[in-house]
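Below, chain A partners chain B and then partners chain C, in two separate complexes.
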Partner chain A sequence: MRLSRSTAWLLALPWVVTFGAFWLFPVVYSLIVGFTDYQLLDPQWRWIGWDNYRHLLTDPDFRNALENTFIFVIGTIPFTTVISLGMALLLNRKFPGRGFFRSGFFVPSITSLVVIALIFTSLYQRGGYVAMLAEMVGLTVPEYGFLQDRGTALYAIMAMDVWMSVGYYMLVFLSGLKAIPDELYEAAEISGAGRVRQFFSITLPLLKPTMLFVLVINSIKSFQVFIEIFVMTKGKFDTMTAVYFVYDRGLTTGFAFGYASAAAYILLVIIAVFSVAQFLMLRRRTPLW
Partner chain B sequence: MVRQIRPLATLCRYAVLIVILTIMIFPLLWMFRVSLLGPGGVGFERLISGAFTLANYLSLFRSSGMGRYLFNSSLVAVVVVAGNILFCFMVAYALARYRSLSNRLLFISVILVLMIPVHIVIIPMYVLMVRAGLYDTYFALILPWLVNPIGIFLVKQYIESIPPSMEEAARIDGAGEFRILFQIVMPLCKPALAVLAIQVFFTNWNSFLFPFILTSSDELRTLPVGLALLQGHQAIDWQHLMAGSSIAVLPVLALFAILQRQVVSGITAGAVKQ
Partner chain C sequence: MNFAEKVRREMKRIVVLTLFCLLVGSSAMSTTIEWWQFWTDSDIKPVIESIVADFERANPGIQVKLHDLTWSNGHEKIVIALASGRGPDVLELGSDWIAQFADKGHLADISKFITDDSAAFQGWSMATYDGRVYAKPWVLGTRVLFANRGLLRQAGFDDDFVPIQYVDLLRSAQAIHRLGDDIYGWGSNAPEKHRLYKKFLPFFWSSGGRVFSDDGKYVLLAAMPAIDGLRKYKQLHDEVGYVASQRGIEDAFLDGKVGYVLSGDWLLKRIQKENRDIELASFLIPGPKFPGLSFMGGEFLAVNNASENKDAAMKLIDFITSPENQIRFCRAAQAANPSSLAAQQDDYFTSDMHLQTFIKQMNLSRHPPVDPDWVRIEAAIEEAVEDALFGSGYPAEALRKASLKVRQLKAR
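Right after this comes the complex of A and B.
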């Protein structure tokens, strides 16, 4: 005797409602509103076709926001991936204190992003510790600290993002590494392959699925960078990113729902294309490395 | 195969690990230290030699809304965690035990939500909450998050590993569906539900974006929102800001220290969506 159809649907009801109201509706609503000039202050909306999209593509602020977003994504992902993989390799074999270090590295990943952004706002100030370290290695610190300078603000936030996310991706890589059978390394050792050779011929190829997961998840998250920007610079000093642009146009001055929704959809398409491209690249049968 | 022990390599490994650990932990240690410092600068000498005081915490609770933020964060977290335990379990059970085309469609909706970037939801969610009259109420903070796709996924996989024979036997004996669900299956799912609870608690406790855009009054701010907006006040110094930050971080750190294994599996299952 099995679960009856009506009971099954009754049980699934909370998800059906949540999915419909808070996911399906918003995605459809954004798409539609993106083709109107709907604003909170001017409820008399009308269809304007592709106008929002046309304006966005020539809006210097939006182009700048997209550019910053790309810098953020492309500038952080290689560092986050390589550093977290390195950390995972350091912690892969059993040794005394391994669990302690693993937990320590992971702590930033469970800390509230708002709190991290507040801490680094202070560390990046003139006289803050990061600024002091930078001076010690001979870098010049901008007059009002790293966050209040057009040349450094975005990069400072990117560095913080790398620091904060490596612990999580390290854990993901560790679980990927655990799945690689020891016999492979033993066989390689017997046939005289060194550590470096083992890494490039065994570890990396077998980590491909993990690598794909890390790259896709990390780029989806990085494309949506917002909280750090809000807390640290409010989009000033050339740190406006795409989601901050959506927030700024849609939910602050003017409440231009139509315009902001169109911007959100452009970012959605970019994220989708980027994810599919990564997926196809790593799915290829020929090894990438 | 026996690996020879190389003392120099071991030493190097620990040196590197300690350097990384320092980099990862220092900002948080700095936060705690500054939060315990009296008024004045936060320079190096003061961090070392400055006296310890709880004054910042006390004045934060007395003069700002910190007590209220803490209450709001706790209330929302408790309700959302309870909701997820109940609803994710119900939905997961239906998905695991009732297979049909419509059910597979439902499952696709779960996967779909995992892939939708949240930024697309910001404006519609705002409009929806305003229209429904729920903007700036506790409902806006709670309703959208009572059931989540990662949680459903997690519990569904767990239920699938339990043989259905016991439920079928109970059904033949005439037990009602809800009795089977809550008295037979749910207790068996405790490990998965614990991981789910932790995943939901961490995500919810730290969440900023939606609590921020869906509320406007000070009385409804959660800790992250309150902290982010406190920073705008000219009057606040780093000591107070870090005391507030420590209040937001301590429960999470304590939970991590006690339940490391569950936290790790919960977070690695859950960080897909923030």
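Right after this comes the complex of A and C.
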């Protein structure tokens, strides 16, 4: 049965309207607003060209926010990827209680991020469990707690992020591992290839599409880190990240929508460049490893 | 149809029409105004509702629609409502926000409503921007010094002891601090947004610090008195400070682990509500010229400039802020500082020595500059305090950076 063109449009209309109103319009609108001096409370705004972008490039707070964001991205992605892949490899084997561990590791991914952030805020505070554990192994603990120290606050949030994310990516890797035919491993074994060789010659190359997905999605998520910062430090102690900067300038201190929109677009460009670079690297035919 | 039936039918029509006209007429005559307010606590909200009900009884043509806001996102909601050109008729505003909204024309100028009776209210200066008044003071707030008298006694200070100078405060806090490993002399705030600066400002102002020069041309955040104030605050923090959130500090204070805290009237409410057993002493802020200056802020009621019912809105504001309704509200909220001078003379305030401390301190308090950029200036000051206490550790350098930021902000 062929649908008429008008019926097809009618059926697609709810999605088209939602897409237009809640995605396309804000994206285009914020791009335009980024070239104006629009402040939420000020009904009159004017076109100022690249001024917001020029000012952002010399704004020490924005530079600091970008630095923190890069530290967050570069500091979490390798750990999240390696740990979740390791967990997936372990849980891909058959052993009693495997289902329990799979579910257990996945639980943080379906728990509210706000709840997790609040629990970790308590764990990281002065006299909290993390401080106690650190003291037990002879580490120096920040005087006022891990989240109240410029040297540790961002890293403490990053550690929480890794803990929280590995379960989800483990599941993604597990689905990738399931797609690799067993015959390949059997053939490799017959040929005398050990487990390490099998991993580098079969598993890793065939996991490339999954790896690409994990890296791109995790990078985008890490570049957009916000809720953890909002709940745990409010951007204090050198934890201001790019999205928190956008929120702060746009909705809390200045209501400078033009300036905040420009900052959001700089972040968009960075994420796009980063994602394309990852895509190109992993699309190469020659092996990376 | 006979004649009697015809009459009955016509009578029915007349009755229905009359009822319809009455209904339409009454709704057309009634004005509905909307009030956005922040008091959602189960002790206070019923009082707000009863004040509104009394207002509606006294003004039969005016209906009031209440809308609750929370402190976590109320400011953002107000901003978005005002930016949309709609929003409520009456707004409860924190004193720090008035200039920001007034500057962009979102608040109605209520200067014409100022009468001789207005002198009977405190706090007008916080609502005056560019020579015009944009809000009416409702409940004001300041900070006083609370002490655990029991700990002071254990530390060797008799019951008449009052910290007059900063050095008295430091000396007694140090003595308390020496009482045990789990005892601290001073409750020092962790960097919580919109809170930390309120704790620092009493030291800043009592040391002679100022944000701007009188003519508003110069930023004085890095001047010697300002640095002196931050050094004093930092000394307490470094030497005898128990660092935690405001709630955490108050918990420790009420548990008898902290000698001094700088706090507001909500602490009195908490002590009573939780039936805490603490030998509480309340002092005016110490300073070189005792008493020192504390922080002043408050809740104000403003009329949205986009409101079509400004007169009705102002009527509601006058009703809420009347001395008798302020007393009702303050009793429920256990707030210490009604803006009405007449309300301050009520037994409720005069019979309680701690509330009296608040009322006295209010007269010796200073509010932040009424500046549309205050929220960002405040952020710069908080950053400086945070840097001096938890970061670089250098008050002068931290304040120099804050001063530079404020200068750049004002230059734009």
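Going forward, the second predicted complex is superposed on the first by the 288 of 289 C-alpha atoms of A that agree within 3 Å, B and C clash if a C-alpha of one lies under 4 Å from a C-alpha of the other, contacts with A are read in each partner's own complex, and residues count from 1 in each chain.
We adopt the following convention: contacts are C-beta pairs under 8 Å (C-beta built on N, C-alpha and C of every residue); 3 or more make two chains touch, one makes a residue touch a chain.
Computed from a predicted model, the values in this text were never measured in an experiment.
Asker: Please work out whether A:224 is in contact with chain B alone, chain C alone, both, or neither, and reply first, second, both or neither.
Answerer: first
Asker: Quick one: is A:246 in contact with chain B, with chain C, with both, or with neither? Answer first, second, both or neither.
Answerer: A:246: touches chain B, not chain C.
Asker: Answer with first, second, both or neither: which of chain B and chain C does A:43 touch in the superposed model?
Answerer: So A:43 only meets chain C here.
Asker: Answer with first, second, both or neither: which of chain B and chain C does A:111 touch in the superposed model?
Answerer: The answer is first: A:111 touches chain B but not chain C.
Asker: So which one touches more of the residues on chain A, chain B or chain C?
Answerer: With both complexes superposed on chain A, more residues of chain A are touched by B.
Asker: Between chain B and chain C, whom does A:149 touch in the aligned arrangement: first, second, both, or neither?
Answerer: Touch status of A:149: second partner only.
Asker: Where does A:208 make contact in the superposed view: on chain B (first), on chain C (second), on both, or on neither?
Answerer: Neither chain B nor chain C is touched by A:208.
Asker: By the touch definition above, which chain A residues appear in both interfaces, chain B in one complex and chain C in the other?
Answerer: 251
Asker: How about chain A: which of its residues touch chain B in the complex?
Answerer: Its residues touching chain B are 1-5, 7-9, 11-12, 14-16, 18-19, 21-27, 29-30, 33, 87, 90-91, 95, 97, 101, 103-123, 127, 129, 132, 163, 167-168, 171-172, 175, 186, 189, 217, 220-221, 223-224, 226-227, 230-231, 242-243, 246-247, 250-251, 257, 260-261, 264-265, 267-268, 271, 275.
Asker: Help me check something: in the complex, which residues belonging to chain C touch chain A?
Answerer: Checking each residue of chain C against chain A gives 75-76, 79-80, 82-83, 85, 100-101, 104-106, 190-193, 243-244, 375-376, 379, 386, 390-391.
Asker: With touch defined as at the start, can you tell me which chain A residues reach chain C in the complex?
Answerer: 39-43, 126, 143-144, 148-150, 234, 236-237, 251-255
Asker: Which residues of chain B touch chain A in the complex?
Answerer: 1, 10, 13-14, 16-17, 20-21, 23-28, 30-31, 34, 42-44, 87, 90-91, 93-95, 97-98, 100, 103, 106, 109-110, 112-113, 115-128, 143-144, 146-147, 152, 168, 171-172, 177, 181, 202, 205-206, 208-209, 212-213, 223-225, 227-228, 231, 238, 241-242, 245, 248-249, 252-253, 256, 260, 263-264, 267-268, 271-272, 274
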